[in-house]
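What follows is a set of structures for review.
In the two assemblies presented below, chain A is common to both, partnered first by chain B and then by chain C.
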Partner chain A sequence: MGQWEDEFILDCGLRIADWRWRVEVQGNVRGSKRSLTIRNPQSAIRILAALWRLNLAEELQYRANFVASVLGTFFWIGTALLTLAVFFSHATRLGGWDYWEVVVLLGVFNALTGVIEAVLRPGIGRLAGEVRNGGLDLVLAKPVDAQAFVSFRRLDIWRLSDVVLGLTLAGYALHRLGHTPSLAQLAAFALALASAAVVVYALWVALMSLAFWFVSVENLSVLFDAVYEGARYPVSAYPEALRFLFVYLIPIAWTTTIPASALTGRLRPEIGLAAALVAGTALALSRLVWRAALKRYTGASG
Partner chain B sequence: MSRAPLWLRRYAALIRNAWLVDLQYRASIVLWLLWGVTEPAVALGIWWGIAGDGQVAGYARADFARYFFALMLVNQLTIAWDSWYLDGWIREGELNFRLARPLHPAHEAVAENIAYKARTAGMIVVVWLVVSLVWPAVRLPLAPGRWALTAAAVLLAAAMRFFISFTTGLLAFWTTRATAIMELHAGVSLFLSGRLAPLALLPPAVAAAAALTWFPYMLAFPVELLTGAAQGRAVVTGFVGQLVWLGVWIAAYHVTWTRGLRRYGAVGG
Partner chain C sequence: MPPAITADRLSKTFKVKVRDPGLKGALRALLKPRYRDVHAVRDVTFAIEPGEIVGFLGPNGAGKTTTLKMLAGLLYPTSGRVAVAGFAPWGGGPAFKRRIALVLGNRQQLVWDLPPEETFQLNRAIYDIAEPDYRERLAELVALLDLGDLLQKPVRQLSLGERMKCELAAALLHRPPILFLDEPTLGLDVTAQEAIRRFLTQYRERYGATVLLTSHYMQDVTALASRVLIINRGRLLYDGALAALVARISRTKRIELVLADGVTREVLAGFGDVKEFRFPNAVLEVPREDAATTSARLLAALPVADLSIEDPPIEDVIRAAFAGGIELDEP
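The block that comes next holds the complex of A and B.
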């Protein structure tokens, strides 16, 4: 039921964006041979804006969800801090990090969780079901890039509160550390955090692409949760083998450990550039996986 | 007693049915299993680093390894998803046709639990056996008596967690946030049921408070029985605690079920 409503709203959004673009940019559509040039970036932004505006209008109807979401975040942060308290009651450092440094990392983790819950899970997280029941046909028939549309079609605005609360937590922890980041460190943090979001996105794309091979698996997003669980703590706290895994093979070290390190000055600001490089590579690889996966799609709807 | 064979036949059919349904979703079940073992694996990784070459409150690296392997197994054997199912059944009206059957819906849920647990716990046991060939730290001492006691404790814990999950799911008769309550419960159980750390590693006041709740009896007690950490009096109090809390949750289930059904206005067709 909810899904059909969503589909309907998305369709409307797309159509509105399309019409507007034709009217505003092309003027008279009739006779124009360029009626399908919707791939130009300006119109992509228009479509995105239209989709998100409709989402926003929809979400604003459910304001109680905002309260529930914030309460949930507070509960989660409280649990995470208590977890740390248990670890730190038996140790003075975790993988060489002291308490407030790990809290900075926790803030970063929470901010990224906000991005995941607001955009990725409600968007690309639904892919497995759509591959299974053929719903993807509707997406592929649209004159837009399928990966971009699948990925960014939804914005659960309330969950963005996690981003705010996470960054606030990181800021407070920095204050308790008595560390005032330099301009270079802040810039490196911003770059590393943006890269982290890209790496998380690439992981989602790569994992959800598995849906094209394992069609009967509906809970593929669980795979991401399992992997991401490891990002709650600095990678240096894990045994050697896991550390290798998290830095090089499933690059979740780059999602929390690196941005937090850039902010606290544990790593030199140049790490931001390395993070951007990793993010670019991950994005390119995930795009290749997506392309290869899409070729396997044969459609299932009747 | 003459009804025993009838129930045996009924359950054999229900379990077989649930087993065959699960068979279709093998890959999904493996993913849930993977999701279930990452939390203890991450906790083990952290404690492994903290313990170093020494001990933490009597736990050395090998003890942590055994504890968290036992935890993965016992958790898989006792986990119950029923509150999520019930929440959906009640909100979307699927409960209707289940009520129309000549069998209480709980029996079907129990059968599903048995089939699911047999499959996933079997996988963990195989992995554990393979790992213990190359990693002596996770080997358990050969003690059939203790294993028998553990089996009884696991059975009681599984029953308790089933009734907790089922009862919480029934709250969907009154609220739309029944699963949120279950997640709250999961958050508290992270500490009090020993998922994050053996209870001996929590502050003594917290561990003492935990002993007054049902949390340690649904996970930590069977785990410590299996690893051998629970000895003597602790075994007796553990079983007493399990029986008392199981009774309490059965009563809670009974009240919620009868009151909830009276309230239930069927949705859907």
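The block that comes next holds the complex of A and C.
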């Protein structure tokens, strides 16, 4: 997670997208030399470090946030486990998964929620408002890649506790399952989890880019939350049509079901590579959407 | 040397949703949206040489900010060509962005809860400024803008004027050769406005920067710019020296008088249009060509202590130009 992931995204994914972009725009844009700012990982890290340092300086003023965040997570996990317990008192399997397998998935879900709340919601989640009120102006005037800057400008560090707690929960559930993952399974899990974060990120970018078309959209992140709720349970628990939707169209199956399956050995380790491929594709597509969206930016009139 | 900025038949059209008022209108807009094209900027052509300070004038909604944002690469032009410092701004990328500064009077980049220096540090990272350069430039900006101990105070505790000074410093740390300033003195008091004008003049003298600025305050433009671009309803109406514009379109001159005893408003009205009368001061407006003869008649007929002939205030001239839709030929 953290910087490694950012670099991964910025370095690999955006390059693919950028290359495609180049092919697309040839002859389309007059004399424009497209180049990615954060091509050089060092400068990306330098800027991120400066941004996050700034954040930390702001956040450290509010230590209570940390306590509230951890308490909130415990409460959330408690409720989720209780719901599961109620369900499993009537059934032994959910979509072919038994109780502790679903808890592994819940742990993954919670870890990803941590990434969303720590980075995405406070960063790119504010985009819709900024498109409406012109707050994006000053970002666009800077020699940075606007998408990367907007996406990773904030790090609400306390919410990363969700990542730790989620992974701990997954580990505990794994222990209760009596399953010790092999090295290959662990590697596949790591890759699938990183890919899951990328897929979630791509979904946010695509969704938030809609703000450029529908300027009056109040809160696009609610739309994400509604869809992402579907990732709380294994995708096999859903009817055929929904399953297709979640695997191929709105790829939230890749965010929790796949990493959890890789960890428990339900799927073979090669799935990690497939996950990476899906993540790369999703990222490239989201980049294209972003590029198209930016052209429609009008700023707040003035 | 090629021009620093060129715009060639630059246009920007926005699609705006048309909505009738009321619930019925809202419903219709939802089901069957209708759009209208708004031509914010139409066929605007100009060139600005390196080192020039050019004032951009026009009423609200004339297209000043839209043009500025196209020049800065924020907005994608609908048609036409732009070149700034040899780059096409849209897609000019970081190399282009490093050469410009954009200051918007109604946007702020300083982090609200932290001292300005934190934002400066962020910009140092973004623009990749070496530590010694940063120190040197910051010291210079602090001296020129008289920032003193403001750098350590949280931004929320600064006054509007102090904040704008810090915004300028933040925007100029990378020492850009081209400055786009949109209403940099918006809402500031006279002292702060003057401080900012003085700073901009000094900055340009030191670094030969090209400056394009919009402002509501005519003093900003008269004090800084020798050349103005006047834009209204998206079209460029005038491009040239301010003084030449006044001479061309103002048909009147002002005779400012200091009177001795016994002169009433009624008596003065016989000589021309009385604009102000606050004894012993009075202002008379007369046709341009009659200014000399009327002055002579005034001096002969009335006890005048002092008399001077002036051009009308530029605000009035420009306002008249916009209101009357006067056609201004390109010089």
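The criterion applied here is as follows: the second predicted complex is superposed on the first by the 259 of 302 C-alpha atoms of A that agree within 3 Å, B and C clash if a C-alpha of one lies under 4 Å from a C-alpha of the other, contacts with A are read in each partner's own complex, and residues count from 1 in each chain.
What we mean here is this: a contact is a pair of C-beta atoms (placed from the backbone, for glycine too) under 8 Å apart; a residue touches a chain by one contact, two chains touch by 3 or more.
Note that this is a predicted model, so its numbers are computed, not measured.
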Partner chain in contact with A:89 - chain B first, chain C second, else both or neither: first
Partner chain in contact with A:282 - chain B first, chain C second, else both or neither: neither
Contacts of A:142 with chain B and chain C, given as first, second, both or neither: second
Partner chain in contact with A:229 - chain B first, chain C second, else both or neither: first
Common interface positions of chain A, toward chain B and toward chain C: none
Chain C - residues contacting chain A, complex: 14, 40, 61, 65-66, 69, 72-76, 81, 87-88, 90-98, 100-102, 104, 106-107, 109, 111, 113-114, 118-119, 121-122, 124-128, 182
Partner chain A, residues of chain B touching it in the complex: 24-25, 27-28, 31-32, 34-35, 38-39, 42, 45-46, 48-50, 56-57, 177, 180, 184, 187, 190-191, 196-197, 201-203
Interface residues, chain A side, partner chain C - complex: 29-37, 43, 46-47, 49-51, 53-54, 57-58, 61, 134-135, 137-138, 140-144, 294-299, 301-302
Of chain A, residues touching chain B in the complex: 68, 72, 75-76, 79, 82-83, 86-87, 89-91, 94-95, 214, 216-220, 222-223, 225-227, 229-230, 232-233, 237-239, 242
